[in-house]
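Just so it is clear, A, B, C, D, E and F label the chains in written order, and each chain counts residues from 1 on its own.
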Amino acid sequence: MQANIETFIGCDASFEEAQTVLFGAPFDSTTSFRPGTRFASKAIRGDSFGLETYSPYQDKDLTEIAVFDAGDLELSFGRVDLALAGIKAHTADILAADKRPFMIGGEHLVTLGAFDAVLEKYPDVHVIQLDAHTDLRQDYLGAELSHATVLRRIWDRVGDGRIFQFGIRSGERAEFQFAQEHTHLQKFNFDGLAEVVAQLKGKPVYLTLDLDVLDPSAFPGTGTPEAGGVSFETLLAGLLTISELTIVGVDVNELSPQYDLSGASTALACKIIRELLLAIH
Amino acid sequence: MQANIETFIGCDASFEEAQTVLFGAPFDSTTSFRPGTRFASKAIRGDSFGLETYSPYQDKDLTEIAVFDAGDLELSFGRVDLALAGIKAHTADILAADKRPFMIGGEHLVTLGAFDAVLEKYPDVHVIQLDAHTDLRQDYLGAELSHATVLRRIWDRVGDGRIFQFGIRSGERAEFQFAQEHTHLQKFNFDGLAEVVAQLKGKPVYLTLDLDVLDPSAFPGTGTPEAGGVSFETLLAGLLTISELTIVGVDVNELSPQYDLSGASTALACKIIRELLLAIH
Amino acid sequence: MQANIETFIGCDASFEEAQTVLFGAPFDSTTSFRPGTRFASKAIRGDSFGLETYSPYQDKDLTEIAVFDAGDLELSFGRVDLALAGIKAHTADILAADKRPFMIGGEHLVTLGAFDAVLEKYPDVHVIQLDAHTDLRQDYLGAELSHATVLRRIWDRVGDGRIFQFGIRSGERAEFQFAQEHTHLQKFNFDGLAEVVAQLKGKPVYLTLDLDVLDPSAFPGTGTPEAGGVSFETLLAGLLTISELTIVGVDVNELSPQYDLSGASTALACKIIRELLLAIH
Amino acid sequence: MQANIETFIGCDASFEEAQTVLFGAPFDSTTSFRPGTRFASKAIRGDSFGLETYSPYQDKDLTEIAVFDAGDLELSFGRVDLALAGIKAHTADILAADKRPFMIGGEHLVTLGAFDAVLEKYPDVHVIQLDAHTDLRQDYLGAELSHATVLRRIWDRVGDGRIFQFGIRSGERAEFQFAQEHTHLQKFNFDGLAEVVAQLKGKPVYLTLDLDVLDPSAFPGTGTPEAGGVSFETLLAGLLTISELTIVGVDVNELSPQYDLSGASTALACKIIRELLLAIH
Amino acid sequence: MQANIETFIGCDASFEEAQTVLFGAPFDSTTSFRPGTRFASKAIRGDSFGLETYSPYQDKDLTEIAVFDAGDLELSFGRVDLALAGIKAHTADILAADKRPFMIGGEHLVTLGAFDAVLEKYPDVHVIQLDAHTDLRQDYLGAELSHATVLRRIWDRVGDGRIFQFGIRSGERAEFQFAQEHTHLQKFNFDGLAEVVAQLKGKPVYLTLDLDVLDPSAFPGTGTPEAGGVSFETLLAGLLTISELTIVGVDVNELSPQYDLSGASTALACKIIRELLLAIH
Amino acid sequence: MQANIETFIGCDASFEEAQTVLFGAPFDSTTSFRPGTRFASKAIRGDSFGLETYSPYQDKDLTEIAVFDAGDLELSFGRVDLALAGIKAHTADILAADKRPFMIGGEHLVTLGAFDAVLEKYPDVHVIQLDAHTDLRQDYLGAELSHATVLRRIWDRVGDGRIFQFGIRSGERAEFQFAQEHTHLQKFNFDGLAEVVAQLKGKPVYLTLDLDVLDPSAFPGTGTPEAGGVSFETLLAGLLTISELTIVGVDVNELSPQYDLSGASTALACKIIRELLLAIH
């Protein structure tokens, strides 16, 4: 009689044979408005079984690729520093085994933990961020480690010319001004993405997907829904384009199942994860 | 003092005068993921009174046509065979009186009961299916009668060239392969629908509308929401096109009010039913 | 230690310095289908803090304009006449101080109270209505003062040629016929809005925005969701166009937070109010 | 093929043979805090089919008594006067046929319409009220016809010594003072009920049951839940005691299905109605 | 890196060392009113981590006993016969390894599958049922295998004198009459339980706990809430008494997380399972 | 025209005249299971208007006492240290003006901030805790400042003989062992409370009320519902007893409105706050 192993659908490879390692980072301690993203990875695993493993978009099947699902990290809610250290260490273990980390958040701050490990292995890594928010504040109510500052903290590490932001439609004026000088920021949509992808060919790329880049009509289940986002079709096309690059790390974050009473947002997140997994293999 | 007769708005003709007979098939016993479609017909009747009887799309009014609402069947949840037999017998009664059956599901399997009665009266009937899912499995966890096999069961009866599927975006690879050989399957959208309608002119047509063909942004209230569907406008236009045909039976299924906390999905289902009723008269 | 003053985000000017005065009219006593809009103004104030004050659409910031938030009126639920009188008196006070009233409903009937005060100050005021419903009934189950009659009551006061309706997709046949003779009614969309705006240049305009003009995919949180509406982008563009006019009064109504379990509809309402406030200053 | 007649379970007698006539009064226009009781009668009919017709408490069965369910009245939401007149006329029709009215609210104000008809037939009628609230205000925000004034309006008609209130635990100080002089008011519980019943033997009695007399642990699904109420067992015992009297009219009100997401409050209301119907026959 | 093994809290023994084997039977295909118990076992595992492993009631800790959690069975929703066969086979495997089965439903029909395996090993097994419903129908809408017939099917196998029912408060008159002749049935409460336990000392006992035996105030999260049930304290005391017997099989069923929006019912189910596991070891 | 001041009902005294100052501490950053208590103070203020100011339990009225509502603190979600410092400073300001602080949480950790200020003014303060949980861990996943450690942190400051815990029914075995040596801990109920109150007469007492001490039937709206708690009547009686002491600070915490879909838990919290405010004046 077997133990109860739970994975994202079709991600039942062993760690050894896997190319990509999926894991959850259920943390939302700095969320300032409406928490709940800590429940995302569990919900995604559960509802992924409402999906098929086969993608009619790419004519590929999850049964044909090798992904290991390592489950969720146990992260300290009261200690942001410990939580990020835990994420970084786990990501480093995956990278040390020459596998690609694929993290499911949690709030957007979790990106920092994974990114720090990726940066150590790939010092020239570039970042593509799909998001409704700039996340470029210097601090948020005194906290320098916050969902609202995560891209700024990454900029602290990598500097100008390495961060590419698309779909952005919310932030303080100062954040947009910072972006004009220090990042590539495309407001509202994905215009120019193909050019950026062409430019980044051959370089290691970390992809961070904040699902609130989607319009709330397609994806209401998030803490801070921002009208005016992209459609599922636009996001899928964008991801397929980005997947042509050398993706060395991925995270998908900010689903909040508490605000997804129909389950449609979780189902969409599952489908996006399936398509991303298929596309990067 | 009158008894409490409840109908879909404007469908208060007597059985005798009616051209079309509406009825509910509240059954979801084989639903494998999230049940709840058993509640659809009751919810649709109730919320239909938030609608007007007049359609500004077609400039027609439900008060000008004759529809009888026969209420809901009482179906056995433990016995799939009995449930389908009950649906078939009821549909046969409607057809025997030379009226058109218009069934509100329930899960998609209910189609089989109604279709079997229609097929007896119209042996050359063709099927147009608007759906997110192929529903072409041979069996599902050992069950040959399942929401996931219903179109396959219909194919068992009618064979190649009689089934036309539109909007499909989910299924196993084997199902898509089956479709390539045995049905007309249009992925993702309604492209080619006009041509199919032209080809089917004059033939009896059974229309089965799985509401999950809609994008979950428009219709989250269903058990298995599948991102990437058609819009309300596309669906309405498609239905008006299909309505030019000789429609001998209709069903509308897979609304799950449990997952429709705003009521917007139920309201959309009501509007689609109003438009369909007006279009086929 | 300060008292707990609650406002819409960024609307913390004093009454004296303010150009515009925001207030809530939490009333839904005549709502015939699903009540709940009484909770809208409170929900909007609370969730507005999930927004930024800065608009990347207009490159303006709420911190740069002067708006006073007067909170909510206390309105009698059993006495429609008293409720409307209370709204009218409050609006008149705002106008008497040469400020612009900006009311958050409540059901659509609240418009009548505010409009009556505006009409006294601006006898030649014109009305632009963005709405899913005609609201042109003579009465509703015997009630002449009803959400379903509010534009008809305004027509009683201003007559032909002064009412411009856009996005309309629900009503009785008689209402659409009435509109053909007495108002400018554009079905389904905002076609022709630019022409109307050109025609109204220089005239005082009252804008009444029933948020159900939006498609329920973008805005499910309303009592009577009507599929087939406009998108957020279309609404925003329309509002920016209308804002070129001399807007002497505004109301935004029919959000029902009870049906907005994800909060996405409330968030959209907040954003629309931010954009409108920025656009009319 | 039969029309879709919907009734409370087991209440399918014809009007002629019925001793009691059930009907719904879906009205909540004066509700000041959280509306929604308009949905109660429909929800109760639907969920009554989760019950059995047999009561193990009384060893009686609904199939053995004759109750006609007349469905719901269509009441004007904007016109309190019209709504009450409609209820009164309907109740009078029932009484004129020598049947007992059994009304399902709606907010508590609906009692006034039914009571006025009962009072005309039984000028010496006494009132037993089970409720959390006194409902004895002279007016509420200017409205004399309000859920918060309904017992005061009844007192206006019948004067001292005719109103018996039990379970009361909320009201203004002035209301409790009024009760001390003009009604029999038992705070918090049903102490003394047996004595009151003994005293009223032989007299016609109108029973008005505001379900919020129950503790919110048993009955959360109401607009204004008041901790500290009676249990289901206490209520049932009280009703069986009261049923020994000559009950000439009954209403059960203030269920709000919107706040009953588990359905447990609606199920309890159904069971109470079953027990009451069985007890008074 | 380890695979993601999910268990009930503290139930992480290996199969070999375990005395008791926990498993889920997520099946609700015959549920006639409101489905959803299929989600119970997953919800219970997830929310069990809101509990402690230590019981202050019994001063015992789950870390001190050996329980293996085998996860959930994959059961066919369209084929009741296959589902029951799957449950029976799994239970038989557990019994063959001389371990005690502890099943989490699902609807009450799942008991039949587990019981059939237990009966083969323990032909003289007795049944204690804690439940709101008799479950003694001969059939339900033609289905002999139904949640409403499960104890009758068990009676078919074991005959008179072997079934002991407590807390029962709902059923048809005929079911109560059947019980009078063929089972020991205690209405409403657990009176007489101590005597039954004394009488069954030394005999193998199968315990089936339908959680709807609890009052809906304590446990609203079930498909058919029945007011008038026992409290948590009464249930816990009853279970501790029953645990003195030779319990050869246990099931806990009828939690429906869909109707448990606060999570309090799931939390109670978790605590009951913890206490039961501790008590029978 | 007045600004929109929002208070708990009847708490509209000026700061100067007030004896007690109410404020909210909307913080839940260390909540390990289900967050959401950050929304409590706002929900309590809003729903308090469903209450009356008059208490029939104590025959007192909030209009007769002087309470100032200072609104909510703005607390950093990413920095626990900053959040606690903010609470402490605010509480110290209230104490410096010789007023009594009355804080509405938030998670239980907020108690530490307020208590630290109280301890500075009253070095001999004793603590009465009503709670389901011991909250006596040394740390939780590495965090020493956590909802699960808050009473242990208070013990660090005050040592043995100063902490009195009632209603406790959840914790690790080690926590209960710690309590046996270092605190007064009463399991499950309030037995012995009168004796403790007699013993503490004349001493300054800080009261911390974790609302999850209530049974989830009365109070489901909390993050970690624990079956087996006290009733509303027991809690109210306990609070009236405790109020005979010299209460120098109070907090009421752990309401989570997200899990209170009926509003009954929020309403109960409002009533408890009303009764406490009346009792300590």
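For this structure, a couple of remarks:
The working rule: contacts are C-beta pairs under 8 Å (C-beta built on N, C-alpha and C of every residue); 3 or more make two chains touch, one makes a residue touch a chain.
These numbers come from a predicted model, not from an experiment.
Looking at the partners of subunit B and subunit C together, the chains they share are A, D.
Chain centres computed from CA atoms place A at the largest separation from subunit D. Taking each chain's centre as the mean of its CA atoms, B is the chain most distant from subunit F. Across B-D and A-F, the chain pair carrying more C-beta contacts is A-F. Of all residue numbers that take part in the contact between subunit E and subunit F, under half occur on both sides, making this a different-residue interface. Distance between chain centres (mean CA atoms), subunit C to subunit D: 38 Å.
The centroid of the Cα atoms in subunit A and the matching centroid in subunit D are 55 Å apart. For subunit A, the set of residues that touch two or more other chains comprises 215, 217, 261.
The touch graph of the protein chains shown belongs to none of the named shapes.
Every pair of chains that touch is listed here: A-B, A-C, A-E, A-F, B-C, B-D, B-E, C-D, C-F, D-E, D-F, E-F. Residues of subunit D that touch subunit E in their complex: 49-54, 56-57, 59, 61, 215, 217-218, 232-233, 236, 261-264, 267-268, 271-272. Chain contact summary for the complex, subunit E toward subunit A: residues 1-7, 15, 21, 42, 45-46, 68-72, 93-94, 97. The touching residues of subunit C, when paired with subunit D in their complex, are 28-32, 35-36, 38, 74-80, 82, 109, 140-146, 258. Contact residues of subunit F toward subunit E in the complex are 33-34, 168-173, 176, 187-188, 215-217, 220-221, 223-228, 259-261, 265.
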